[in-house]
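Following are the structures in question.
In the two assemblies presented below, chain A is common to both, partnered first by chain B and then by chain C.
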Partner chain A sequence: MTAVLFILFAGLAIGCAISMVVQRNPLYSAISLIGVFISLACLYVMLAAPFIAAVQVIVYAGAIMVLVVFVIMLLNVEEEDRQPLRLRALVPIAVILAAIFFAETAFIIYFVQASPVSLSRNVSDVGLTSSIGGGLFTTYLLPFEITSILLLMAIVGAMTLARSGGLLPSRAAVVPGDQVFSKEMMDRREAGDLTPVVTHTTEEAAELLGARDERTK
Partner chain B sequence: MIPQLSWYLALSAVLFTVGVVGVIIKRNVIAMFMCIELMLNAVNLTFVAFSSFFHDISGQLFVFIVMTVAAAEAAVGLGIIIAVFRNRESLDVDDASSMRL
Partner chain C sequence: MDDLKHLGLVLIGIFVAFTVVMTMVAYTVLAERRVLGFIQGRLGPNRVGPGGFLQPLADLIKFIFKEDIVPDKSTRFVYFLAPLIATIAAIMVIVVYPFGPAVRIPFVTEPVQLVIARFDVALLYVLGVTSVGVYGIALAGWSSNNKYSLMGGLRSSAQMISYELALGLALIGVILQSGTLDLYSIVEQQAGHLGITGWNLICAQPLGFLIYLTAAIAETNRVPFDLPEAETELVAGFHTEYSAMKFALFFLAEYVNMFTVSMLATTLFLGGWAGPFVHQVPYLGIFYFFGKVILFLFFYIWLRGTLPRFRFDQLMSFGWKYLMPFALFNIVLTATLQWSGALDKLGNLLKTPAGWWG
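On to the complex of A and B.
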């Protein structure tokens, strides 16, 4: 019975994973990834880890994927268009290397003995919330605290990165009455020659820039 | 018939390989990001499987910490993606080939 359930959820996970890679629309791949997360949560329940299963659904399928879908919607991502494959000459080499890899894996699986460790599935309290909390606050207290610092750094970093700033650095002061350039003028990717030129007078600079002052004539 | 430990390890290897292939062949930044999440989940599955079969709690605590790191990675990574998109108007990784933002 459990084998049937394992095959069901494993097939669902692999199918959703392959669908995620094959899809061209990022929104569809996000939904396939949620399918992978849900089936992995079911496998965790089968492995007698109900706490991890709940956290998997809440954190991964809930929080992280909502964030990803939100960003996809925000950026209005279009479907990937089919582009010509780069490095087409390497395809046969890749096929040969993959065949060698599969042969090695099959060799190892065929010749390695089954592990002699008795994997008895007794009733245990390993996966329960209380035992996880006990381990987290006694033996693994230091990693737990470091994790909280990591989350704080992630909050600060995400706010710094995603703040609306544009091209101006965070410390730039905008003077009232100063000139405001359009984004096309400020976009340095479009500008061609940006090498500095040394001039000594204003007239030379005006000549170089192609803006001759009429009063000097 | 009870699922053996090797079954879970094989499933995890397959999921990890699918994630690696996705990171290699995808060109959309968000799709590559999701493939990385898939690889993290494959590793989590091995942790939980070993923890369950050897009756040791450490594996599940590692999974807990990996999930926290994944959440932090999602926040910072999506912030970087938004910043890059704002400057380049594109999510294609080939358009973002220089280190300069």
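On to the complex of A and C.
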């Protein structure tokens, strides 16, 4: 029973992974990647790690891939054309790396079977939520906190990069009817000056930009 | 032999739960149309069968025989996949809910707990599968090759991702209080002596309940948060280009989602199958459970008949600026109360009849 399920989900994971690389439409690749994540989650469940499985689905399949799909949908990325292969020198390196990988796998399989280790204690509760929580908040508290600070820094960094056009002060809110420009846009001599200028009507904005039409007078 | 028996029970459980939930979902649609009719001073569909009782069947037949139109420039594969994802993700959640306490059923010697799959991370499973359901709507909007659909799909994905956070945070209060993610245990803890006083809604989670209720309405794209299909702006949103059975699948997914969200609210905050005399007559639990779910469904319908729709920026700022901070506050509050031992005292006071009367 377990073997059948393992082969099913492992096969699904590998199939989806191959499909992800081969597909030319980026959205199909993204969907295949979601398939990989979900099959991996099923494998985690079979390895008695339900918490990791659930988190895998929530974080990777549910959150990160939604962002990827979002980007693909918004940019409306076209199907990629097959480019002639550049960097041909990398092909033998790839073959060698793949060979090493297969050798490692064979090595692990061989030695695990050669020396069957009897598990010393009951491992069935290792993957449960309470034991993971206990570990995170006692033994591994410092790495856990450092990781959360790292994530916070990443969020702040992303915000800063996204708004690098000049962080508007909190008073310069964009409300319908009001428009906010930087001084640079009003006057070419003020190049680099991004302090905001708020205008309250479209006419006012047009006048400041020097784009006022004679007819509107 | 034991494994086989277990498998058989699970299969029967899935069959029964699926049938019951699907039937109730079909009649929720009818109830919605009738109740909305009464709210708006008209009758609603009452022609097919006595009191409109066969209307769901008529709707189904109509959906099957409608012409199935596929837009010429749609992305075929994704266009077919999207309604399947939405429906499957909606239905998959049903397996973790405890419909009743342990009851005796024929041909089985020991009492059987009325939950199909009881496992350690049931609550996380619900959140995970729900988050996968977003793809159904997002992909439907994209693959239709229609601007209204795309806008609807984007809106709904943004909305569901934003409110999922508040929803998840609202649940953490309950998890802190019960110390487990297993839904059956959470319900068991709420079944006090009287069956009512142990509910999490009463025991220190009223704020969490309100946040959950609001976020859940947004999660299921219902009024007043039904921006993805705001017909005044977006024709029909993400399912503009879907017809016949594919549209029916989205429709089904929406109502199943409504149902499962109500079941989760019942399980976590209203004590699931807990109620008076459940310890004496376990079968009462099933009626209590579905009774509470029906109350929630009625609340949904009532809201739809009462409230106007939010604007999209209002929706977003409400979710991020009000709901999220309140949910975080609820976590801090619950943790503080738990740490100081006040929650245990309150729970004991409420759960024991002696504390209740004297």
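A few notes on this one:
Quick note on the criterion: the second predicted complex is superposed on the first by the 131 of 217 C-alpha atoms of A that agree within 3 Å, B and C clash if a C-alpha of one lies under 4 Å from a C-alpha of the other, contacts with A are read in each partner's own complex, and residues count from 1 in each chain.
By definition in this document, a contact is a pair of C-beta atoms (placed from the backbone, for glycine too) under 8 Å apart; a residue touches a chain by one contact, two chains touch by 3 or more.
Just so you know, these numbers come straight off a predicted model, no measurement behind them.
In the superposed model, B is the one of chain B and chain C that contacts more residues of chain A.
Shared-chain residue A:66: touches chain C; no touch with chain B. Contacts of A:12 after superposition: neither chain B nor chain C is touched.
When the two structures are aligned on the shared chain, A:55 is found in touch with chain B and with chain C.
When the shared chain is aligned, chain B comes close enough to touch A:46, but chain C does not. Of the two partner chains placed around the shared chain by superposition, chain B is the only one that A:158 touches, whereas chain C remains out of contact. Once the two complexes are laid over each other on the shared chain, residue contacts for A:36 go to chain B alone; chain C is not touched. In the superposed model, A:28 makes contact with chain C only, not with chain B. Common to the chain B and chain C contact sets on chain A are residues 51, 55, 63, 74.
In the complex of the two chains, the chain A residues touching chain C come out as 25, 27-28, 31, 34, 38, 41, 50-51, 53-55, 57-58, 61-63, 66, 69-70, 73-74, 128-130. Chain A contributes residues 2-3, 6, 10, 13-14, 17-18, 20-21, 26, 29-30, 33, 36-37, 40, 43-44, 46-49, 51-52, 55-56, 59-60, 63-64, 67-68, 71-72, 74-75, 77, 80, 83, 115, 117, 119, 121-122, 124, 126-127, 131-132, 135-136, 140, 143-144, 147, 150-151, 153-155, 157-162, 166-167 to its touches with chain B in the complex. Chain C meets chain A in the complex at residues 75, 77-78, 81, 119-121, 124-125, 127-129, 131-132, 134-135, 138-139, 141-142, 150, 153-154, 157, 161, 164, 179-181. Across the complex, chain B meets chain A through its residues 1-5, 7-8, 11, 14-15, 18-19, 21-22, 25-28, 30-31, 33-35, 37-38, 41, 44-45, 48-49, 51-58, 60-61, 63-65, 67-76, 78-83, 85-87, 91.
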